Amino acid sequence: MSSRAGSVAGLGKQRVESLTDGIFGTVMTILGVSLVIPYVTAPADQPLPSLGDILPGVLIYALSFVIMGVFWVGHHVVFHYIRRTDRTLIWLNNAFLLFVGLLPLTTALLGRHDLAQATLVAYGLNLIAVQAALYATFWYATVHHHLVDLDLGADIIRSGRRRILLGPCVSSIAILLTFVDPYLSLGIFVFFPIVFILPGEIDAFFRRQEQP
Amino acid sequence: MSSRAGSVAGLGKQRVESLTDGIFGTVMTILGVSLVIPYVTAPADQPLPSLGDILPGVLIYALSFVIMGVFWVGHHVVFHYIRRTDRTLIWLNNAFLLFVGLLPLTTALLGRHDLAQATLVAYGLNLIAVQAALYATFWYATVHHHLVDLDLGADIIRSGRRRILLGPCVSSIAILLTFVDPYLSLGIFVFFPIVFILPGEIDAFFRRQEQP
Amino acid sequence: MSSRAGSVAGLGKQRVESLTDGIFGTVMTILGVSLVIPYVTAPADQPLPSLGDILPGVLIYALSFVIMGVFWVGHHVVFHYIRRTDRTLIWLNNAFLLFVGLLPLTTALLGRHDLAQATLVAYGLNLIAVQAALYATFWYATVHHHLVDLDLGADIIRSGRRRILLGPCVSSIAILLTFVDPYLSLGIFVFFPIVFILPGEIDAFFRRQEQP
Amino acid sequence: MSSRAGSVAGLGKQRVESLTDGIFGTVMTILGVSLVIPYVTAPADQPLPSLGDILPGVLIYALSFVIMGVFWVGHHVVFHYIRRTDRTLIWLNNAFLLFVGLLPLTTALLGRHDLAQATLVAYGLNLIAVQAALYATFWYATVHHHLVDLDLGADIIRSGRRRILLGPCVSSIAILLTFVDPYLSLGIFVFFPIVFILPGEIDAFFRRQEQP
């Protein structure tokens, strides 16, 4: 292939990002949609639901949306550093997407069965699977600077890996806490996105880039 | 990261726009889809519905689609001026998307319960939440020219902020009018997109750019 | 705004295309999905459906998919010539998308009520609304070369307008034929995409561009 | 059209990729979503499902997701080499998307009817249709170097065609095996994606490009 189109060597990363954004866009709207289904399929003379009927569903939607947001931002930062893709990277990313696509199921189970231990464990395992796939993607891309710029700093790579690894640790603690108290475990899941919304060490690299 | 890929410093804005377009595309088609569900799940010998059965759903779909269109155009104009993103901006945008994802629910409630006051108030509060998140996004990006071009005119920023703030004002009036008459309140919600479809002060800047 | 990002003056067209592709992607998969719903919600001991049970749904899906494909290709060609957008063009495009979003409803009605005249008329009117909005978009963009290149040939513009206008003519004939025979009318709807899949006068311009 | 926007002659390929990614994103999330529907529409006092209730659905989702992933990667590689599009290529791609949009239906049939021969045959025929459309797309684009770079090597074209043709062969074997044993046939369908996830001859070309 001639390089006249200015493309980076190897398969481009843009379509991988585009498929990922499409899947996240659909998954992130699904729980919002599923809140609507009871009103679309219910008989026409159904009484007006009270706030107490609707609020739990809305809160679970919000939690789920924010956790998906954390994973999307993580994917965004990882692919910010990736320069090209190969078949292995695409399939690591597909594994990531496959586990993301299971989140509506584990979230729905969590929301309907009053914090039964099995549902908290299933939710935690799903989060760990997503996080492990994201870690594998970043590890594969950066090992020997395989698919990133050769001059990408070792400190950025180390900082990124540590930040992604934080996720499975938090999820494991939440799973262990189900043996103590389900509300403690849920508290960890609610607390989890807050850790990642706050800027971390890796954001300093973006700020540094802005200074000319 | 070397700058040889020609990327603007900091995280790019393209994927944030891509996720937003994906979520808007899904949400804007959902009410159209929900109109179909009764015909897919109904028994095969269901009689042909009359125009009167179908029209209210179609009109609510159209209103909802147009209001989403207003928010999408607002987002489009805001991100037209944004040059780069950081974690805070992405999460302000995620809050915007979260509230957008609730609109199918509040629209469905509005459509099914004959303009009960509670549903009009819920719809209005949802609109205010979306508008407040969009305002916060624009304010954060433009304060001290944080994430926009340094030479972006103060008049464009002021004009943009004023236009976005118009939204919550109109929605608040609609909420207050629910105490007077529900049809007046609905009238304001129908009137609201018309204000924003008409070109405003900010469009003059785009026209000015076209002259060489 | 400085022009250093290399953007074309005025609002870019990329996000309008991106929203359109997202909506078409969702709408085009919806009828395929709606074929699945009966199998997901049916009781587990449901007998295996016969080919005769499934085939009509599959054929309606295929017809609907191909007609959406025609509109998508039309939109693709129209925006190929558009260089920048303004608020009016975006809202003409939103009207186009709004009517596209109604196609699943009119298709479902067509599929379930054995070619009742009302459903054929509703389907035809929906097609005309989509086609009229696409024509208005192209007309607005090209009048006085408003949003296209100043050197865009008058023959391309004339050829494009004539091709889009062909659509409402065919749909009107199909509506009139419902008064004669519903199968004739359906035949026109099936025949309609074939006309547009075949290359027309406008394709010659693309071929001509390829010769250096 | 002037060439000042730097566009490749003929219609660009970006929007074709964008529509494809949107449809794949929606289709790939649909089976994950359909797993959720029973929990959203079921009565509130439904008992917690056992792992045995949920696992078959999750496995079928995973198989389906991975097979869609194979097709998406195939499409990604094919369009990597395509430089421009014309009406025929777009409609070959639309045929590909139409058959992709039927996969949720054939997968749901496969999952619900305990490997009845008819469902295995329907699934296999659907895969063959998708693969044949992808082959036709690649063949049309590369014949006489119609829509690819003139200097694209004949070895890459031959290698790509052979790899795509492998698909219908495997699917045909799976269909024939339904006459022997349904589990053997299912085994081939599970085995099929593994062949394509492993890097093949064509990946060597991407690796070669990376060496300066």
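In this document, chain identifiers A, B, C and D correspond to the written order of the chains, with residue numbering beginning at 1 in each.
Definition applied: contacts are C-beta pairs under 8 Å (C-beta built on N, C-alpha and C of every residue); 3 or more make two chains touch, one makes a residue touch a chain.
Predicted model only: the values in this text are computed from it and were never measured.
Student: Which is the least count of steps on a path of touching chains running from subunit B to subunit C?
Tutor: So the least number of steps between the two chains is 1.
Student: Using C-alpha centroids, which chain lies at the maximum separation from subunit C?
Tutor: Chain centre farthest from subunit C's centre: A.
Student: Report, in degrees rounded to the nearest 5, the angle of the rotation taking subunit A onto subunit D when the C-alpha atoms are fitted.
Tutor: Superposing the C-alpha atoms of subunit A on subunit D needs a rotation of 90 degrees.
Student: More than half overlap in residue numbers between the two sides of the subunit C-subunit D interface, or less? Answer same or different.
Tutor: different
Student: When the C-alpha atoms of subunit A and subunit B are each averaged to a single point, how far apart are the two points in Å?
Tutor: Chain centres of subunit A and subunit B, defined by C-alpha means, are spaced 24 Å apart.
Student: In angstrom, rounded to a whole number, how far apart do the mean CA points of subunit B and subunit D lie?
Tutor: 34
Student: Which residues does subunit D have that touch at least 2 chains other than itself?
Tutor: 18, 21-22, 25-26, 41, in rising order.
Student: Note which residues of subunit D are touching subunit C in the complex, please.
Tutor: Listed in rising order, the residues of subunit D that touch subunit C are 1-2, 4-5, 9-12, 15-16, 18-19, 21-23, 25-27, 30, 34, 37-38, 41, 84, 86-88, 90-91, 94, 97-98, 101-102, 104-105, 108-109, 112-113, 116, 118-119.
Student: Looking at the complex, which residues from subunit B come into contact with subunit C?
Tutor: Of all residues in subunit B, those touching subunit C are 8, 17-18, 21-22, 24-26, 28-29, 32-33, 35-36, 39-41, 44, 46, 48-49, 54, 58, 61-62, 65-66, 69, 72-73, 76-77, 79-81, 83, 149, 151-152, 156, 197, 199, 203, 205-207, 209-210.
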